[in-house]
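Look for subunit A in each of the two complexes below; its partner is subunit B in the first and subunit C in the second.
Let's look at the complex of A and B:
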């Protein structure tokens, strides 16, 4: 269709007068016309001038209309070129033959000008529709190719992040569909410096890209923290907080996370929204289930997040199973659901626990038949083994064992020009929470540091007396004076000495704060009880409760607090 | 640190929200939030939803508020405390002086 609305029409008729009449009718409509006198000529003209609509006389010498129609339709291929037969035949048989040969319609002789015009218009519309349809189809094909390509790239990126873990360790068996990330399923596993194995199986709500997006931050947080030795609860809280802040409301992650200790032979489990996990006892063949007792990840604020876990003792050979709801919700042709009872029967029937994993998959497959394409099946088995069986493979895989901040000493001294502008507490706290084990105590640590620092600065360096704080006016005067003296200060310092040690089951942090002041008589100070009246004097009793020990050194210009933490808290 | 306060339509309740760290630097703002009012509210709420940490000077400030609001007859609720914040309040026996949620 070269010009808007103008068609090129091919007319083939061996009767000169008929052809001329038709030509003039079509031309009067504003279309351009090419004419042929028989079928062969029509086919040649079709090739050379590519008309939009073809009008063919049914009976012509050399090649009749039916033969020409077939060839023209073949040449047109995908393109819709309407072929209309011109005929004086009226018997049903002949008309049917015309349409069967590839004709789209017919016009009876003698011609009716109005019908011809109407039909050309109708076919023009159909042609336009066809062109639109094809263009859209091509676009869809292109978009789909694009999408698949994007998914492949996304999957590669995800694989690089997610599969840096220890899923190939000797005691792990898992099933995860190749494009699981786009079903919202995620499985990550890592070995902590302590030698325990942490595994998380997650199932994001929804499908496709929205479900896949959350898997990235989840995997990076998981691997970053597990390698450094953060505890299960720290990792959980971090992931929950991150997902809560980035995911839109309504998108969240049902997950089960476990920490498997091969030395103590026990497993710590937190289940938020995944189906019951099974612990299979090798000796008795019994199953213990761990029910979901928490909200999924990404739903509650950190403050409301509940992190209590279940501990289970495991013997060598015991197996722990986790799955996404794809297993129990697998459907067969009739739309029935696989269900938990069938799953339990697989365990009951089993007589060789090494086969359990495969038997479960087989049973689900044979139930759902062709309908099941593994798309939504995620299944994981963890076996309790001797520590060396896991660690040998894990070291080989990760290539390095990162331990995070374990044993270290930090000395930090602040001078007057800094007091005025800079609050050292966030900086020190940031360092402390990089220590696995200390992170979950950041609230207490902040309070301890804040108390010790303000005592050293206000009483030691600035020489302020807390007696002022006995009255509301004095309280205000105290802080006004603090600012004033800080502005005038030319000499003095506050020093921090932080030293951290780890033990088998935890660690201890020594905090020594010193100042340039003259000290004070501290003999009675430490015995102050918690008080309920007055506006000051609560700091020291507070620290004494939070810390294992607190003591003043020498003249009282140095104070030392020891904060202890344990793994099992 | 920032302090936001709002009085209910009938003037009977004052809500003070503390964002970030609650320490001496909040002192002036915290005091202004209740001292500047012309009508004394009968009920106070301190919203700690976005409070990350607090120290003993914050405890002193809460007590200043309590005395300002009538001491033993004061009606003050401390709401939305995180577990860290709650721990500090509990160690200092503040649940005897305030209603803590």
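Let's look at the complex of A and C:
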């Protein structure tokens, strides 16, 4: 449509007078007209002048309207070019033939000007809608291609992060669609340095990229921490906190995480929002279920997060099953749901536990038939085996297993320019939590370090008296003086000596803090354990409750604390 | 008796055609004359298919000029030739001849 609203109309009629009348009517509507006397001329004219609407007489010499319509419709292809037959044909057969040839409408003789105008208007609108529709369709196609491309990239990134972990270990069977991450399903598994296997099956709310986006930080945290030896609870808390801060309200992750200890032959389970997990007893064929007793990940703040787990003893050959709701909620043609009872029946019918996994999938498939979409089915089986059966495959797969910091010593000394501007505690704490066993004690460690550091700086280096802090007025004076002396300070230091050793079932951290001050009569302070109500001296008794031991060395300008931790949570 | 051409239809046509009305009438009369002559020739050859097509065309153009009786006669010819009925076509063509003279007269005088 070259000009706004002006159509080019092709009129083909072998009767000159009829053509003249139609031409006048169409022109009076403001449209331009091209004329043909027969079907062949009409087709040629259609090719050369590309009209918007075609008016064809049904009976014409050389090529009739039917033949012309067929060719024109073929030439028009995807474009909507309305073909209106001009006819006084009245029998149904002829009209049907016109429609079959591609005709969109009829105009009968004698011509009625108003009907013609109305029809042209209607087809013009239809054409405009068609153009809009096609433009939008093309846009949608483009958007869809774009989306698929983005998903491919996102999936690549995710696969790089999540890789296969130890899902290929001999005791693991799993079913997970390659595009599961876009259904919100995520499955990660890793071997801890201790040799236990940690597995997390998660199901994010929603679909597509919003559902996939949370899987990235989840997988990163999981693999980063598991290989360093962090405990299930540490990993869980970290992921929960991360998801809570990243995900918008309403987006969360139903998850079940397990830590399978092949030496102690037990499994530790935390289920937050996933369907009941099944523990299948090889000897008795009985099932024990682990119900979800927690909120999904990414819902609660860390302080409200509940990390209590269920421990289950497992014999060799016992199998632990986890699934997302895709299995239970699989639908058949009638819209019915697979449901938990059918699932339980699969277990009851089974007589060879090695087949269980396949039987479950088969049963779901046969229930939902053609309607089944494997995209939504995520299923995992973990079998209790001898430790060496897992580790052999895990070592080969996981490449390097970093165990985090184990035995080490650190000396760190800070000088006046640093006192004024820099808080060294986060830095030191960052190093300490690289020790897997110390991470969950970061709160206590912070308290110990903070107290010892401020004692060393304020009483040791700056020579402030803690007795000032016994009254509120003195307290204010104390801090005013602290800032003044800090500003004027030219010499002095605080030194940290940290030394970590591992033991059978844990480790111990030695913290020695020294300062350039003159020391003090520490015997008084240490003996004064009950003086906790005043403003001063409250630090030492608190530290003593947190540490295994605390002692002052030399004149009191050095203090040594020993913090012990054990693997048994 | 019915008018050979419907004057109301003709008035509407004048309104549409404006200056070209006379040219339209001349075009119609020339075309119609040619087809009437052709119909007689085709009848002598007993070419019923061509008779049907030409009667159809003449029917259409005559209807547009408001010549209702002529239109009706053409329709009868079209139907009979479609049904392979030669009988009576001769009479119908004579009626068309007579009616066309009247239509022509009416159009030229309007």
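Things worth noting here:
Keep this in mind: the second predicted complex is superposed on the first by the 546 of 569 C-alpha atoms of A that agree within 3 Å, B and C clash if a C-alpha of one lies under 4 Å from a C-alpha of the other, contacts with A are read in each partner's own complex, and residues count from 1 in each chain.
To be clear about the criterion, a residue touches a chain if its C-beta (ideal position, glycine included) is under 8 Å from a C-beta of that chain, and two chains touch if they have at least 3 such contacts.
Treat the numbers as computed from the prediction; the structure is a model and nothing was measured.
Of the two partner chains, neither subunit B nor subunit C is touched by A:412. When both complexes are overlaid on chain A, the residue A:444 reaches subunit B alone and has no touch with subunit C.
In the superposed model, A:16 lies in contact with subunit C only, and not with subunit B. Subunit A is touched at more residues by one of its partners, and among subunit B and subunit C that partner is B. Of the two partner chains placed by the overlay, neither subunit B nor subunit C lies in contact with A:468. Once the two complexes are overlaid on the shared chain, A:174 sits clear of subunit B and of subunit C alike. Once chain A of one complex is fitted onto chain A of the other, the partner contacts of A:59 are limited to subunit C, with no touch recorded for subunit B. Remark: subunit A residues 14-18, 20-21, 24-25, 28, 57, 59, 87-89, 109-111, 113 touch subunit C in the complex. Interface residues of subunit A facing subunit B in the complex, by the touch rule stated above, are 302-303, 442-444, 446-447, 450-451, 454, 469, 472, 475-476, 479, 482, 530, 532, 534-536, 538-539, 541-542, 545-546.
On the subunit B side of its complex with subunit A, the touching residues are 21, 23-24, 27-28, 31, 49, 52-57, 59-61, 63-64, 67-68, 80, 82-85, 87-88, 91-93, 96-97. Of all residues in subunit C, only 9, 12-13, 16-18, 20, 23-24, 27-28, 31, 53, 56-57, 59-61, 63-66 touch subunit A in the complex they form.
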